[in-house]
Amino acid sequence: MTKLTPKTRDQLKTVSTATLTTCLFKRGLRNQFLQDVHPLNPAAGPMVGEAYTLRYIPAREDLNPITVFQDRSHPQRKAVEECPPGAVLVIDSRKDARAASAGGILVTRLMKRGVAGIVTDGSFRDSPEIAGLAIPAYHHRPSAPTNLTRHQAIDINVPIGCADVAVFPDDVMVGDAEGVVVIPAHLADEVAAEAVEMTVFEDFVTERVLQGRSILGLYPATEEQTRADFAAWRKAKGR
Amino acid sequence: MTKLTPKTRDQLKTVSTATLTTCLFKRGLRNQFLQDVHPLNPAAGPMVGEAYTLRYIPAREDLNPITVFQDRSHPQRKAVEECPPGAVLVIDSRKDARAASAGGILVTRLMKRGVAGIVTDGSFRDSPEIAGLAIPAYHHRPSAPTNLTRHQAIDINVPIGCADVAVFPDDVMVGDAEGVVVIPAHLADEVAAEAVEMTVFEDFVTERVLQGRSILGLYPATEEQTRADFAAWRKAKGR
Amino acid sequence: MTKLTPKTRDQLKTVSTATLTTCLFKRGLRNQFLQDVHPLNPAAGPMVGEAYTLRYIPAREDLNPITVFQDRSHPQRKAVEECPPGAVLVIDSRKDARAASAGGILVTRLMKRGVAGIVTDGSFRDSPEIAGLAIPAYHHRPSAPTNLTRHQAIDINVPIGCADVAVFPDDVMVGDAEGVVVIPAHLADEVAAEAVEMTVFEDFVTERVLQGRSILGLYPATEEQTRADFAAWRKAKGR
Amino acid sequence: MTKLTPKTRDQLKTVSTATLTTCLFKRGLRNQFLQDVHPLNPAAGPMVGEAYTLRYIPAREDLNPITVFQDRSHPQRKAVEECPPGAVLVIDSRKDARAASAGGILVTRLMKRGVAGIVTDGSFRDSPEIAGLAIPAYHHRPSAPTNLTRHQAIDINVPIGCADVAVFPDDVMVGDAEGVVVIPAHLADEVAAEAVEMTVFEDFVTERVLQGRSILGLYPATEEQTRADFAAWRKAKGR
Amino acid sequence: MTKLTPKTRDQLKTVSTATLTTCLFKRGLRNQFLQDVHPLNPAAGPMVGEAYTLRYIPAREDLNPITVFQDRSHPQRKAVEECPPGAVLVIDSRKDARAASAGGILVTRLMKRGVAGIVTDGSFRDSPEIAGLAIPAYHHRPSAPTNLTRHQAIDINVPIGCADVAVFPDDVMVGDAEGVVVIPAHLADEVAAEAVEMTVFEDFVTERVLQGRSILGLYPATEEQTRADFAAWRKAKGR
Amino acid sequence: MTKLTPKTRDQLKTVSTATLTTCLFKRGLRNQFLQDVHPLNPAAGPMVGEAYTLRYIPAREDLNPITVFQDRSHPQRKAVEECPPGAVLVIDSRKDARAASAGGILVTRLMKRGVAGIVTDGSFRDSPEIAGLAIPAYHHRPSAPTNLTRHQAIDINVPIGCADVAVFPDDVMVGDAEGVVVIPAHLADEVAAEAVEMTVFEDFVTERVLQGRSILGLYPATEEQTRADFAAWRKAKGR
C-alpha cells in the first residue's frame, strides 16, 4: 500500500534532492538528507526506489574469516540476491569508511537484477569499476579493504540509521548528482506531487533570473506581478 | 550454557580491563575495548554482567513526540523493565552524544531491579545524579537533551555495535574505572581464569618494581630467577 | 521587558538543564543545549543570567600582537568591564579550543563585578585557578595559549553561535553540573514555571522508583493511580 | 583607497594561490588559505574580488520557518542583491556543511549581477547546476537541505571567520582550481606584484626541471649560474 | 634481496588494490590500505615501487623560515634528489593537510628522475598542475600553503606511519584509481602471484554476473560446476 | 650546555603553563602547548624536565605479537630503563588513543628511576593506578588495550611530533594541572626568568582585582599609578 506507484516513481525522477528536502522541511522533517554521501557515477541517472536495508555491526575477528562467504545465507550475499528489482539497497555501515561495504561484483549483480541503486554511509571498493556501471551508487569515499575487516552483515530489512538519517524499509530513496534524500513511505506521493510543482516554479524563476530579474518579489513570489507572470509562463509552456 | 557462572563473575570483578584486553589480544581479538566511553561513578565498583542490548536509530521528528513514552511497550522503557538482574544494559547510540541515551530515573530503576550496569556510546542526562548512584554507568559525555531529540529505540537484544565494538547478547561486559571491555560469551570462563593468573603475576611485578627492580627480565619473566622468585612469592602469599 | 524577573531567576536555579531541554523540546526547540561544553567548577552552584555576548573571529597575526591589550577599548577587556551584573558572558569561540577564550584574572574580575557566569565553546587558561572561583564557568577543555594565538575579539552583544546553538543577547543561560541550556528570552517565564512543575513530579517519581515501583504507568503518569498518588504526595509535601 | 585596482586585479588572475600563500608566509601570515574549501566549477576561471561578507548563526526553529524569505530585507536575499559587482560574497557558515549556504537560483543571480565569486565554508545545494555556471563558487561539499535547517543569516559585511581564516570586508579573495586565499586589503598591491615576479621565476624553474635540471641550486636560486640563466631566460622571453 | 623483481613489479601493475587487500587480509594483515588518501591523476596509471620514506614533524616557527631551502641538505630537497628511480616517495605528514607536503616543481623533478610515484597523508599544493603530470601522486586533499607553515622534514628512509599504516623502507607501495596499499617487502612476490590468480577468477566471475548468473555458488566458487566452468573458461582464454 | 640548570628547573616549577605560553608567544612561538593532553594525577605536582623521546608507528600485526617484549632491547622497554632521571619521557603516539602508550608497571618503574614525568598524545592503560602515583603523567584519555594493538615503538630520542607540537630531545617539558608546554632548549633560561617576573606581576594584579580594581589600566599596566603601586607592592612583599 505504501509501495511506490509508477506515477510517483516517475515524478521523483524529475525533481532534485534539494527541492525534496524543502518539501520535507515544510512538514517538520529536517534531517532526511544523507550527509557526506556522494555519487560514484552521477551519470547513471536519478535513483528512485524503496529502501531495502542491510545492517552491519563491527567485525569481530573470529567471526569474520574469509570463509564466511561460503555460506549462501550470509546476509550480505542474501541481500544482494533478494533485494527486489526497483528497490534500493541501503547499508548501515555506521559511517565507518575504513573497509568496503561492497565491491564491484556485488554491485554488478544488483545492476543485472534490476535493483534501482545502492547506498552506504561507508565505502565501496572497486570504486573505479563501479563508477562505470549503469546503476546509481552512493558512498562516503573509496576504500579497498574487504568488508570483513571492519563489518559483519547481521540483519536484513530492519529500520537502520544511514549517515545519521533514519531509514525504514520501504521509505523512498531518491538520489541525484548531489546526494540522497529519504522520503518517509507515507509521504512519497504528496511530496512527489508538490516537488514537481515547485520544480515548475523554480524553472520559471531561473529563466527570469537569467534574463536579469532581481530575486526580490520573485523568489518567493511575493509580488502579484510575479504570480501573474508565472501563470502566463506556465500556460505558454504547457506545464 | 554460555551464561556467566558465579565463579567467572566473581573472578572478573577482581581483574582490570587492561589485563582482559591483553588476554583477548592473545586470542586475536584486538577490538574489544569500548573507545572513549567513561565511567560516571567509578566508585560504584567493578561492573560484570551479560550484555542485554538496546538499539537506537536516528530520531525522525514525526515518530518521536514527547507522547511516545505513554506506550508501555516503547522499547526503551521495556528494556529498562526487562533487562535481567545481573545483566548489563548496553545501548547502541551510534556514538551520537548530542542527546541522552537515558536519564536519572531510568538508571535508578535499573539499579533497583538489580541490573549490573548500563553502558552507552552516547550520553546520559542527569549525569550529576547518576554519578551518585550505586550502579556502574558508562557513557561518552553528559548531554541534557531528551533522547527523542536524536534517538529512537527500535530493537531489544539483537547484536549491536557500541563504540565501534561488536556486542552480542550474553557477551560479558566488564567495566572498571578505566572503561569497558566486551568478552565474547564462549571465552568468558577461560579469559577470566587467565586474567586472574596474570593479575597475580602483575601484583608480584609491581611489588618488585616498587622495590627498585628493573623491568628487564622481570616483565615479561624472561629470566629464570624471576620465575623462581615469583614461585616463592606466590607460595608465601598463598595466591 | 524580556529581562529576567527575580521570580524566574530563582525558579531557574532550582531546575536541571535536563528538565529545561524537555520543556524546550515540547515547544519544537531541539537544539538549545551547548554540546560538549563542561563546567570547570560545578560546585560554584547553578548559573542563571541573561546572555551578554562576545564574538571572536580567527586571529590574523599582524592584528594581534601582545600589545593590543594596551587599548582600553579592546572588545575582550571592554566586555569584561561592561557585562552587567547578573548577566552571563557568552563567547563565540567558533569551537576552537586551541587557545584560551579568557583566563583567571578576567574571570576573577567578572566574579567581583557580580556577573552570573562565563561560557565559551572554546577553552579557558588558568583553568585550575578558575575551578576554585565562586563564579560558574563553562568551556570545552583547558588550553593554556593566550587568546591572541587564535582569536580576535570583534563584536559585543550581537547574536552569536556558541557550541552550535544560537544565542541572542538577553536569552537566558542556565547552567548546572551537566552543562548549559539557552532559553529564548520570550519563553523564560513560562519555561521556568513549567520546569518547576516537572521537577516536583520527577522528585515524586524518583522517590517511588527508589521504593521499588516500576516506571510503567508511573513515568509518564499514564495510570490514574499514579496521578492520584502524586496529588496526595504533593499535598503531603506542601509542594 | 584599499579597493582593488584594475592592475592588481589583473595581476592576481595570473598567479596561483600556492604562490600567494608563500608571499603571505614571508610577511608572517601563515593562516590565509581556506582549509578544505573546494571549487565546484574550476573551469569558471580564476576568482579575484574584494570580500563582501555574510554571517550565519545556527538556526533556531521558531525563527526560521520557510516564510522568512518573504521578507525582502532578509540578510541572505539582501546580500545577494547588494554584493557589489566585482566583489566576492563570502559566507561564514561556521564550517557546518549539513545544510546549504545558498543554492542555484541565488548563485545565478550573483552571476548575472557581475559578482566575482561566492565562497562558503559550508555547502551549496543544487551543486550540479552551480558546477555549470560561469561564476566561481567554492564550498566544503554538496548538501541539499535548505539553509533554514541549520543557518540564520544575521549580519552583512562585518568581519567574519571562514574556514578558520579571518576575513574582513574588502580583503582580497583569490581563488583558483586549488582553493581560496585571503589577502589583507592593505597588502593586495604589493603581494600581487611579488607573486607575479615569483611566477616568472617558477615558470623558468619548471622549464629547467622539465629539461632534467636538478632542483639543488636552482630552486631556490642559490647558485650564481642559476641567477644568470634566469636573467637571460627572462630577457629572451620578454617577461 | 627484498627488492622488487621486475616480474613482481609487472604483476602488481595488473591487479587492483582491492584484490591486494584481500590477499593481505588472508595473511592476518588488516591495516595496509592508506585511509582517505586519493589520487590526483588517476590516469597516470598504476603505481608500483619500493617505499622511500620522508618523515615530517610539526614546524616550529623559528626553525622554518623561507630561507631553509637554501640549504642543499634540507631533507625534503635531498629526498627529492635521492629517492631512487622506480621507488615511491612516501611522506609521513601526520595526517595534517593544512599545509602542502610538496608542490608542482618537486613532483615534476621526481617524475623526471624516474621515480614511480609520490604519496602523502597530507596535501599537495599546485594540485591542478600535478593532476596533469605523468607520475602517480596521492594525497588527502589540496592545500596551498608552503610546507614550512606546518611541517619540518626531519628524517629520510626510516620506518614511518602514513595514513595510519606502518611503512618500512622497501615495503612495496601499489596505487590505483582507488588508493594505495602497502605490501610488506617479504610478501611482495607471493602476494603479487596470488593477486594475479585472484584477478583471473574475478574476471571470470564478472563475466558470468554480466551474463545474469547469481553470485551464490559462484563467488566464492562453492559449487563444483563453477569450478569446472572456470577451468574451461581459463583454458579458452589462455590465462 | 643546553641542559637544564637547577635554577631554571626550580623557577619553572613555580610558574604556570599559561604564563609560559605567553612568553613563547612574544617570541613568535605560537604552537608549543600540547593540545588536548591532560594530567592523570594533577596532585603529583608540577612537571619539569628535558624531553627524552620515544617514537611509535602504527603496529603491523605480524611484527607485534605479545612475545616482542621478551626482547630486552625493545625500544619501549629500553626507553623506560634509559630515560635519564630528571628527564621527561615524551611519546609520539600519533594522537591515536585507541591503544595504550604505556601502563601502570612501566610508569611505576619510571617513577622509581627518578624520571620527572611521562607524556603521550595517546592513552595510558591502568589509568586509575597511574592516577595515584607520585610521577606526573599526561595523556589524551584512558584506553585499556596493550600498545601492541596499535603501536610499534621504533625510535628513541629523535625529534618527534606530540599533540601537533615539535619536540626535540632536551627541549624542556613543563606540566601543571592545565597541561604541558614545550620550551625550546635554548630558550629555557630566559623564558623561565621572564615567567617568574610575569608571575609576580600577575599575583599583584590578582590581589588588586580581588580588592575590586578594574582591569583597565591595571592589566596590562598602562597607567603610571599601576606601575607605582606594583613597585610598592613588590617591595613590601619582598619579591
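Labels A, B, C, D, E and F are assigned to the chains in the order they are written; within every chain, residues are numbered from 1.
Rule of thumb we're sticking to: a residue touches a chain if its C-beta (ideal position, glycine included) is under 8 Å from a C-beta of that chain, and two chains touch if they have at least 3 such contacts.
This one's a predicted model, so the numbers in the text were calculated from it and none came from an experiment.
A.B. asks: Under the document's definition of touching, what chains do chain B and chain F have as common neighbours?
C.D. replies: Touches both chain B and chain F: C.
A.B. asks: Using C-alpha centres only, name the chain that sits farthest from chain B.
C.D. replies: D
A.B. asks: Using just the Cα atoms, superpose chain A onto chain B and tell me the rotation angle to the nearest 5°.
C.D. replies: Fitting chain A to chain B on C-alpha positions yields an angle of 180 degrees.
A.B. asks: Between chain C and chain B, is it the same set of residue numbers doing the touching on each side, over half shared, or a different set?
C.D. replies: Copies use mostly different positions to touch.
A.B. asks: Farthest chain from chain F, going by the mean of C-alpha atoms per chain?
C.D. replies: A
A.B. asks: By residue number, over half of the contact pairs should agree; on that basis which option among A-B, B-C or E-F is the same interface as B-F?
C.D. replies: B-C
A.B. asks: Taking each chain's centre as the mean of its CA atoms, how far is chain C from chain E in angstrom?
C.D. replies: 50
A.B. asks: When the centre of a chain is set as the mean of its C-alpha atoms, what distance in Å lies between chain C and chain D?
C.D. replies: 37
A.B. asks: Among the residues of chain A, pick out those that touch two or more other chains and give their numbers.
C.D. replies: Expected reply: 30, 32.
A.B. asks: On the basis of the stated criterion, which chains touch which? Give every pair.
C.D. replies: In this structure, the chains touch in these pairs: A-B, A-D, A-E, B-C, B-F, C-D, C-F, D-E, E-F.
A.B. asks: Mind pulling up the chain A residues that touch chain E in the complex?
C.D. replies: For chain A paired with chain E, touching residues are 66, 69-70, 72, 77, 80-81, 97-98, 100, 103-106, 108-109, 112, 125-128, 141-146, 148-149.
A.B. asks: List the residues on chain F that touch chain C in their complex, please.
C.D. replies: Against chain C, the touching part of chain F is residues 16-18, 20-22, 25-26, 30, 33, 35-36, 38, 42, 176-179, 181, 202, 205-206, 209-210, 212, 214-217, 219-220, 222.
A.B. asks: What part of chain D is in contact with chain C in the complex they form?
C.D. replies: 27-32, 57-63, 94, 96, 152, 154-155, 158-161, 164-166, 184
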